[in-house]
Amino acid sequence: MKALKLKKENLFEFLKGIQRFGEVYGPVKKGDKFIYERLTDFSRLELTALRAIIPVKKFLLPPRFPILKFDPINFYEEIPAEIPMRIIFGLHPCEIHSILILDRLFKERTPDPYYIRAREKTVIIGLSCVPDDKCFARSTNTHFIEEGFDLGFNELGDNYLVWVGSSIGDDLVRSRLDLFDENITQKDLTQYIEWRKWRDNQYQLHLDLTALPDIMELSYDAPIWEELGEKCLSCGACSMVCPTCPCFNVQDYLPIGEKAGIRERHWDSCMLKDFALVAGGHNFREKRSSRVKLWYTHKLKAFITEFGRPACVGCGRCIDTCPVNINVLEVVKKLKGEGVLLK
Amino acid sequence: MREGKEIRIDSVARVEGHGNIYVRLLKGKVKEVRFEIPEGPRLFETLVLGKEPSEVLNIVPRICAICNISHRYAAIRALEKILAVKVPPEVTFLRNLMHYGEMIESHSLHIFFLALPDFLGYPDAIALAEKYPEEVGIGLRLKKFGNYVMETVAGRMMHGENPTIGGFGRFLNKEEIKSIRDGAEKLLPDAIRTTELLRNLHYSTYAEEGMLFVCLKPTTDEYGFWGDTVMISNGDDRTVEEFRTAIKERIYPHSTAKRTLYRERPYLVGALARMNLLGERLHGAAHEALQKCYSLSWIRNPLYNNLAQAIEIVFTLEEIIKTTERILKIKKPPSIVHSKKGEGKGAGAVEAPRGSLFHYYEFKDGLCTYADLIIPTAQNYNAIEKHLTVAAENLFFSSVEEEKAKLELEMIVRAYDPCISCSCHIQQI
Amino acid sequence: MNSNNIYQPIPMRIVRRYNLTEDVRFFQVRPVEMEKALTLRYKPGQFMMVSVFGAGEAPFSISSSPSRPGLLEFGIRKIGVLTTELFKLKENEVIGVRGPYGNGFPVEKMIGHDLIIVVGGLGAVPLRSLLLYVLDNRDLFGKIYFLYGARQPKEMLFLREFLELKEREDLDCLLAVDKDDTGTWTEKIGVVTELFKFIKEIDPEKSYAAVCGPPVMYRYVIDKLVALKIPKHQILMTLERRMKCGVGKCGHCVIGSIYTCLDGPVFTYWDVLHMKDLI
Amino acid sequence: MKPKVGFFEFTGCAGDLLTIVHSEDYLLDVLKAVEVVSFRLASSQIRKGNNGLMDLVFIEGSITTTEQEEKLKELRKRSKILVALGTCATFGGVQAMYTGKPNFSKRFRSVYNKNFKIVEAFESKPLEAFVPVDYFIPGCPISPQLFLFNFPRLLKNLPVELPAYPVCVECKWQENECLLLKDIPCLGPATRAGCLARCPKDNLPCVGCFGPVPGGNFASWEKHLLEKKYHEPQLDKKMRFFFGAKIKEVKRGK
């Protein structure tokens, strides 16, 4: 992979320059937290931001969007969804891993045209990060990324070490080649490796996910699910913020007056009561405990069966979001009947 | 007209809430005139008992959707007085902005949708729209803008929680402020046209009768909607607290609403009262419009309330432009001012679209122990009945047909723009 | 119209519709565009997503057989919003249909085997597709038993069609009702499992069973099939879940690591045993 | 023929009907699609005809007097489909917050004196307490989106559909910081969505104005806050603002 150096002080200059390729997005502050937002004023960019409230999935599968238009005579016709090119700066390794997982779900088997269209119009610029006390990506093996980005910015003292991951990434760099230094020295390399080592050791939270599928299988009727079910508010927030929760619902909006009707898709959550309700009133997941169980077995067991890896990328959002403290950490802790290592 | 006759108009339409007009004629005289309010009681004064200040604020705007901002603002003024919270001027600017939004929304709703159909002989604005699409268009644009301002500042068109004790949950960003300013600039010509339109209408003279006018005295020499002193057209000035005790609220058997008198006299609040008392303070386009419209009839004839409202829309749009400019100069959005105080009593007042609105609360141990809310329509009751009586005398013993006469009575009620939901919740405990 | 969009329904015209029972209606539909009719391919056991203007979209099993191309048939129970709207539609009106989805019955693997088809209630809809298919390819299969149980005669779907089948010598069509108030019922009385006693001489290793019916029926039927020594992975059953997309995206039909809409709706008894929550 | 539609109000703030009047961009479309039989807030015209029968009736406000009760029953007889519009009509509104508590007459008399005779009043109740209601569109006031979504559905005889999820879902769609996490008693998890999380969007807690969401876990919400600095009466009080008439069901976790 091609690599170059960019002086940190030139970052904004570079981001300004690439605006001619598309809209530039990045993490900005919202209250005490961060969100990804369109950047026009680059001073708002938060370079040490962790865990935007809603992950990058919002660009690929927005919370709600129209999928079809209809009227009774012409029936269904497609909504021409013109998505502008979007360049998203500041995605950390776990976040990029989540895109790779979504790619598998939405690009393989039966490709989803809306996802594919949005994905094609999304340029990913990664940025290395320093974990805090809620990150556990190292345990999910998503703390480092070698693919899935168009450009990858890495900490290198006064510089960024920039990996070029795709041809569009290359175009971006070429558009402001004057800002880059193509000469990576041995010293740079050592410094980079040192930094990586240091950074990987900054993880404070470690969970042991080995044998989890088996444990889950065996704990199928364990009381912990009832306990969690008692506590869960069924608020759905965990699904909304999880970077790999892609479930959705579909709703038709009838026209008023002359306006055409819309079929819309919006995020759903298996934590919500109606998720598995079918006609006639039978609910396959009537009990909260069975819904909590589905959430966690799907992420930590079923996904491994299907894709050989959990659907959790260790971003810590569930830890940061669930008001009643139900999250991967707690569930694993309870399942394994042991404390989680806190370095 | 026949002797011993009773005339009833049930559920006067195009007013907010239920109100009936009842007239009894006997021996060539109007024996009795009642404006009845059979609206269901909601007992707001009991609902706020035992609540924290912020909870009082959750509840009281629900008294009325049309002027929910005024209720919120009056409550905030009272509560902040009690809690000794002093907010920075930029918070006040933004609050004023939302209040202006409500003035525009409420006045334009009243003028175009509730009152104008009468003047032009239509049952409603939809029917009116067929013949006068442009005029109704103006009304829709103004109302939409008023709503937009309320929604943007308060968080919702109605019952938005954003304006809170000590400030705003979320202070608006510059883009939002600018869009409000631009909207006001664009609509000013529409507002001026509205005054022209109303100026050229025919105003009947059946209900002419001199009346006391009451409004809040602005803290500056300008026209405005906030103050701690009440100004009365007989020359009296009273503090809000004094005024509250001076007016006696009484319950009448035929009405769920309470009503008030000042020194045993009916008085009138609202746009017409404000124009009569403060009109000289206007500048700019609002001043010009008033110059063109004002006549001595304004102190006798309630129908001019519509025109007074139209001029207030002009004033309000001009004020929005000034206020947004001030807000745009703010560097850092102010944060909420908190208070630890949990005891005290006090009143807050604002000019709601329909007139002076008073909220009075007492708190002990952080919880509300007493509330008294005095609503414009309650204050206007006696004035409404007075004007109805005068008009009934002029109408029912003249050659005017009964149907027409009834409509004239309805128009008087509508001119006052009574807000019946509001008035059912006034109470002393 | 962009045919690349998997969510885009194809307009189809209702050709025929009549009531199968009080609340179940037969719908025969054909794509409005003729070329689409000719390219329509599916397997027994697959389903389609049906849209009705404004009322949404829902999955319905195909009841016709791919061996009779150009048309699609459904048997639909009026139970909620969309189905009520569907029942309001008349012949010649247009609905939206996309699919086929799901795995369907593994008909290739079933070739050369004896077949026991066990149906309860509405389960007749998907299994009629299989039955018509094997009858149209009769020489490819061994013995065929068709066991159908309903509560009462008027609740039996496709009754006339199935009674006609009784005339045929190349299959055993066994019909039963729990009880008969009409006094005109000429077939068996009893629950569907009681029809098993009429099954003779099958080679269990060389047999497939296909089951579809109300959830309560499964356990009893499976006991019977297991008693017949039919291998667990040759007992097939179709299952139902909420579905919003039909293509393994919306997540509603997930059970463990499988999507009912992609990996099902046809499952084997073995799947049921080793995957929790399936039934 | 256009369906005959009526809009009526009982005890409330007029906010729900006003929300319709304030949907400027759609108002004319809405009114053109139907024959308005009665909409007193907007029109003095009343079309009786057809024995006063109406296809679709929207009622805002709760029932607080015997006279209203009679009128409501009368309206029910005249309407094919009756829709409760807003939280007052659906749950009784803020004025129903003391449901189940004694002393209504004392409270009433503290506000209205003995001379008062025009109405015979009782504790505020939702429409459902007196007549069968076909559909509910809650909200204090209703959200324009929810009304504009359901209005054409009703004209097509489709049932009203409401978000089956709590405010938290919409709150996260808007990327708001969670207030419950800051120990502020936000009722979002127990409240039906539909407002686009208006209040949390402004950093203020949801007070539950859309009424309870089916499947909400109030018990856990309460337990969670009891572990913080709150006391049961405080939380009970908050819940009663808008869940008043349903308080028992909500507490039982229905």
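A, B, C and D are the chain letters, set down in written order, and residue numbers restart from 1 in every chain.
In the analysis below, contacts are C-beta pairs under 8 Å (C-beta built on N, C-alpha and C of every residue); 3 or more make two chains touch, one makes a residue touch a chain.
Predicted, not measured: the structure shown is a model, and the values here were computed from it.
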Open item on the list: Count the C-beta contact pairs for A-D and for B-D, then tell me which is higher.
Closed with: B-D
- [ ] Starting from the mean Cα coordinates of chain B and chain C, work out the distance between those two points in Å.
- [x] 66
- [ ] Could you give the separation in Å between the centres of chain A and chain D, each centre being the mean of its C-alpha atoms?
- [x] 37
- [ ] Calculate how many whole Å lie between the centre of chain B and the centre of chain D, each centre taken as the average of the chain's C-alpha atoms.
- [x] 25
- [ ] Indicate the whole-number Å distance between the mean C-alpha point of chain C and the mean C-alpha point of chain D.
- [x] 44
Open item on the list: Using the touch definition from the top, which residues of chain C touch two or more other chains?
Closed with: 54-55
TODO: Would you please write down the residue numbers of chain D that are in contact with two or more other chains?
DONE: 28, 152-153, 156, 158, 161, 203
Task: Residues of chain B engaged with two or more neighbouring chains - done: none
Task: Chain contact topology (line, ring, star, complete or other) - done: other
Task: Set of all touching chain pairs, with the criterion as stated earlier - done: A-C, A-D, B-D, C-D
Open item on the list: Quick check: in the complex, which residue numbers of chain A touch chain D?
Closed with: 30-33, 35, 52-54, 63-64, 230-237, 240-241, 251, 253-259, 266-269, 272-274, 288, 321, 323-324
Open item on the list: Touching residues of chain A toward chain C in the complex: what are they?
Closed with: 67-68, 70-72, 75-78, 105-106, 109-114, 220, 246-252, 254, 261, 263, 268, 270, 275-280, 284, 290, 294, 297-298, 301-303, 305-306
Task: Of chain D, residues touching chain A in the complex - done: 26, 28-30, 32-33, 148-149, 151-153, 156, 158, 161, 164-166, 168-169, 171-173, 175-178, 180-181, 188-190, 203, 214-217, 219-221, 224
TODO: Give every residue of chain D touching chain C within the complex, in rising order.
DONE: 152-153, 156, 158-159, 161
Task: Contact set on chain C toward chain D in their complex - done: 54-55, 81, 85
